[in-house]
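Input: a single structure, listed below in structure tokens.
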Amino acid sequence: MNTFGKNFRLSIFGESHGKSVGVTIDGCPPGISLCENDFLADLARRKSGAKGTTPRTESDLPAIISGTFNKKTTGAPITILFKNTNTRSKDYSNLVKIPRPGHADYTGKVKYNGFNDYRGGGHFSGRLTLAIVAAGVVAKKISSAMSFSAKLIEAGGEQDIEQAINDAIKNQDSIGGIVQCQISGVPVGLGEPFFDAAEAVISHLVFAIPAIRGVEFGSGFSSVKMTGSEHNDNIISASGTTESNNAGGINGGITNGNNIVFRAAVKPTSSISKAQTTYDFEHQKLTDLIIHGRHDLCIALRVPPVIEAAAAIAITDLLLTAKTTKY
Amino acid sequence: MNTFGKNFRLSIFGESHGKSVGVTIDGCPPGISLCENDFLADLARRKSGAKGTTPRTESDLPAIISGTFNKKTTGAPITILFKNTNTRSKDYSNLVKIPRPGHADYTGKVKYNGFNDYRGGGHFSGRLTLAIVAAGVVAKKISSAMSFSAKLIEAGGEQDIEQAINDAIKNQDSIGGIVQCQISGVPVGLGEPFFDAAEAVISHLVFAIPAIRGVEFGSGFSSVKMTGSEHNDNIISASGTTESNNAGGINGGITNGNNIVFRAAVKPTSSISKAQTTYDFEHQKLTDLIIHGRHDLCIALRVPPVIEAAAAIAITDLLLTAKTTKY
Amino acid sequence: MNTFGKNFRLSIFGESHGKSVGVTIDGCPPGISLCENDFLADLARRKSGAKGTTPRTESDLPAIISGTFNKKTTGAPITILFKNTNTRSKDYSNLVKIPRPGHADYTGKVKYNGFNDYRGGGHFSGRLTLAIVAAGVVAKKISSAMSFSAKLIEAGGEQDIEQAINDAIKNQDSIGGIVQCQISGVPVGLGEPFFDAAEAVISHLVFAIPAIRGVEFGSGFSSVKMTGSEHNDNIISASGTTESNNAGGINGGITNGNNIVFRAAVKPTSSISKAQTTYDFEHQKLTDLIIHGRHDLCIALRVPPVIEAAAAIAITDLLLTAKTTKY
Amino acid sequence: MNTFGKNFRLSIFGESHGKSVGVTIDGCPPGISLCENDFLADLARRKSGAKGTTPRTESDLPAIISGTFNKKTTGAPITILFKNTNTRSKDYSNLVKIPRPGHADYTGKVKYNGFNDYRGGGHFSGRLTLAIVAAGVVAKKISSAMSFSAKLIEAGGEQDIEQAINDAIKNQDSIGGIVQCQISGVPVGLGEPFFDAAEAVISHLVFAIPAIRGVEFGSGFSSVKMTGSEHNDNIISASGTTESNNAGGINGGITNGNNIVFRAAVKPTSSISKAQTTYDFEHQKLTDLIIHGRHDLCIALRVPPVIEAAAAIAITDLLLTAKTTKY
């Protein structure tokens, strides 16, 4: 399903080497100022070009083709397009015969009976995260009383990220990382029992981002080594402030007014220049595959604005939904 | 939202101290044999009574009140009820004035303007997971070519679970644990890009279960310490078998035919008998709270069948959805 | 799909001769007074027993089994059950072999591969409209600023309904009728473009009611004989009051503040005591079928409270949705 | 909500005088041949230019910007864009102050707090039906075993449509009409109880089309003058063929294998050149409004391909959904 959300709803479309990728955002309230420039800062954070990222660069200029009038949202669906310009015309059909380990080459082929657009990952490409970042910009405008901040806090198993990148470049092998996201200014009461617990909705969107292997809230996996008396967050004010924040700002699936804090594990990029074993479906035998071309050594460097956007989208959907039961 | 699923759809309802909890399952194919006895094994695994769990026991007898005929599913919605019998009639209103740390007492009160049923956690109670386990039984019957298995693999930070429980009893403080779930016999091609990646749908349901702090697939958070050449799973057969399973059986959000493997972090139970600081909303000051009554010391002991059910529900929804695009 | 609604959501379940029929209502705001007695007036209007309706009578007592506390809604899902008591234990299997014209006997059998509960229409029974009426009662409480009124305005092609019923009794043949529904006190701005136009959502629910053959708004089918200058409703006040109401209170899919007016055509009851030709699937030949038993001669007599409920449900869903875009 | 469908899902966007209108189609199976030329025939049927339609003509060339590869569908979402080219740059702000009777000028302004794009009807424009026609083309390809045919069978209250158009031209007043749609080759078993009865889903989409005032199936409103023995359709073959088709091919919300037949009432076009009374919100008094410009005298002439598309979309969604319960 390429749609997400109950009241703040996204539909995304596009392929890495097709004409465009884009997103339609439905449910945005009218009267919010919005123009192309508003997207540039977050899009720039997602861009490649920095050390450890792919040298393929796209201009990534958004075009708003519906849903605004006089630079304000109208309440009608907002569609934002990104043209694909820097696509290489080389032959990708080899990937169909010899699927890359860690990629969707094999699963995409089987799922779609061989009709999927396999060029550059097609609809599975990380390029689709442009659409998420764009929708996140709109979400942040709606949820303007909150602030969203995601950062890479660890790469290649080290806290010294620059060192980790340098090591990866030296080894010509990709690395992963951990992105932490914090949301402040959150009102009490977002999240819907049972299934739309705040963690459930956020994690749904975060796991939709390519390369994510894990998501944890508050003290996360380390909670399992704590006792209840260590883990419980004492409530210390009439506005629900807690002394610690092991819950990550959520109790019973409902935000408690403290910062939402979560972390996502980003796996090392699958495309690497080292030889790997895979199956050659044409010759029906194992083979060694070496992937040439332009790739990110540490895709985790580019993930923070995407996760930040995902958090903003999820929380904004819950915010709009919470309005429906105020009576 | 108390509904979940696109084609295998659940609606759950009920409160801990109300008349019943229950679930309606819509989208179940007709002709599957189903009677009350089919639920008993999984329900028994969720039951309390064992060392480390609450002494409050319920008979937990399911009643199928619609959707079957001659002990087979009809294609109409299946509603399963569980009566609440062992509820204590004591006064719970204190929780409204003095909310328990780690519980939904405070968030539920604010969200619902004080109208929520606070007795025993009300609609936030872990008792609602009965409905998930019941729906999981139906899901497993639909996805009968697969097998689902969840186990507690660690408690209180130790692999020796019995020892951990004994320590917790001695310390009279609750502990958490890690539940690992494995799904075998999975066909290639389940999961929908973009938003309904298999990990996204599974994690959505798992995070809806009370007390979950983290979810990870395959090598999970440890992926971030691996290089791409270590992490990528070599494809070693024409059916997509991989040498390792760091991806947890999923590539690009689509199942690859290998076992799905994920783990969930279960926090230590929030209700503990030790004194905790919280805010007294009646007297508008901090106070010490001691929680009396019957509680689980390690709720993680009872979580495996719930997570197994969540996995079965998620995968079954994806299985039914996958049928729609076979042309 | 046995669920309906975006923000005011229903799930219905049950069969005519099963244990119960019922409904779960999700998305109801907290703090609304609600108890079993609130349902009795509308349920009584739907009841049989009057001239022209079936002599089968059920007590139709609703039981609220979740979602209320101290006689107020809590914000959690509200489940309402109706036990089936007056079911006859006769053998219905004949209907599978010799399907009744105008009924779902044949379509239900094919759709569900013969596993459907065919007794008394099973899940297709008009008895399921109990659930709609119950949900309508809750909807009307949420939309209490509006008033909903549906009436039978024509039966058997005559405006004199009593005469039409008497004729039908004399002829021992069923008749249909037209139900008109009016909603007053409607705020401007309900309805969502494009797909959730107010007419679209209302008609969706009304056509879900068994026996409905047509739905028209405002001047409806007679509009096609009018010119634009006759049909357009002049706007004559600053609050959008119109001189005429050919639009039925809706422009561009959005309510305009005038009364919503629509009519539904109810077909003559399918079960009749006269002989009809149908196919005998057992003996593979045409046969004459005579239906014995208790039936409504004019089901249209019992439809008004159901249509009124459908209107209230649809409008309430749109009302809650409209809140999400107020910014 | 600008999205529709459970398994064959549409999202539409755009405004009459914005950059483009378009549609994203999600859930289309892979491997179906699809290129821009496939859309031209149906789009041509919707076009203006004929006698009785507006002289504003658009090239209406569709651009497929995602979801196909080598002229076949891939399984990924298909986005189709139509650029707006023939838009007049005149000032439309008068419509905000002096809303046109029968249009969404007033309702749109109130609903969106004055932020809606009012030029040429904005998002409420009939131009959005381009998106429906385009999606219908894709739906017809999926449901290729069925055939869909909608025709104008009456205009201005007459069966002689050409005469009615000539009269309307002479009178310079708009007229309405009745469109009949027939679907043949329908399998038994489409439609889902309770809420997704085939009539319910079809009518939902048809009422989403601007200018529709009524929808009726089979013998429709004339059913109310029939007795049950006249109205019931005798079943006369083992494949469920019926002698008559008063049910319009649907029993109990489920298709019975006979032709689906329904009619829609199209109101006379709201934009007329005769003076009409409306409210002047600037000067706060009643005023006479004369609408200049290019308009359809009988929009019903252009509606058949839109209704045909709506029928194809609805039925295709039910067709894909029906696959999920085949076990």
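Observations, loosely collected:
Letters A, B, C and D mark the chains as written, and numbering starts fresh at 1 in each.
The working rule: a contact is a pair of C-beta atoms (placed from the backbone, for glycine too) under 8 Å apart; a residue touches a chain by one contact, two chains touch by 3 or more.
Quick caveat: nothing in here was measured; it's all calculated off a predicted structure.
Taking the CA centroid of chain C as reference, the farthest chain centroid is that of A.
Each of B-C and B-D has its own count of C-beta contacts, and the greater count is at B-C.
Averaged C-alpha coordinates give centres for chain A and chain B that are 25 Å from one another.
With centres set at the average Cα position, the gap from chain B to chain D is 44 Å.
Distance between chain centres (mean CA atoms), chain B to chain C: 37 Å.
In chain B, the residues that reach two or more other chains under the touch definition are 1-3, 6, 12, 27, 30-31, 75-76, 111, 123, 193, 321. For chain A in complex with chain D, the touching residues are 1-3, 9, 11-15, 18-22, 24, 26-27, 30-31, 63, 65-67, 69, 72-79, 81, 111-113, 115-117, 119, 122-123. On chain A, the positions that touch chain B within their shared complex are 1-4, 6, 10, 12, 99, 101-104, 106-108, 110-111, 121, 123-124, 128, 154-157, 168, 171, 173-178, 188-189, 191-197, 199-201, 203-205, 207-208, 210, 212-221, 223-238, 240, 242-243, 246-248, 250-256, 265-272, 274, 276-279, 281, 284, 286, 300, 321-322. Contacts from chain C toward chain A in the complex involve residues 6-7, 27-32, 75-76, 142, 193, 320-321, 323-327.
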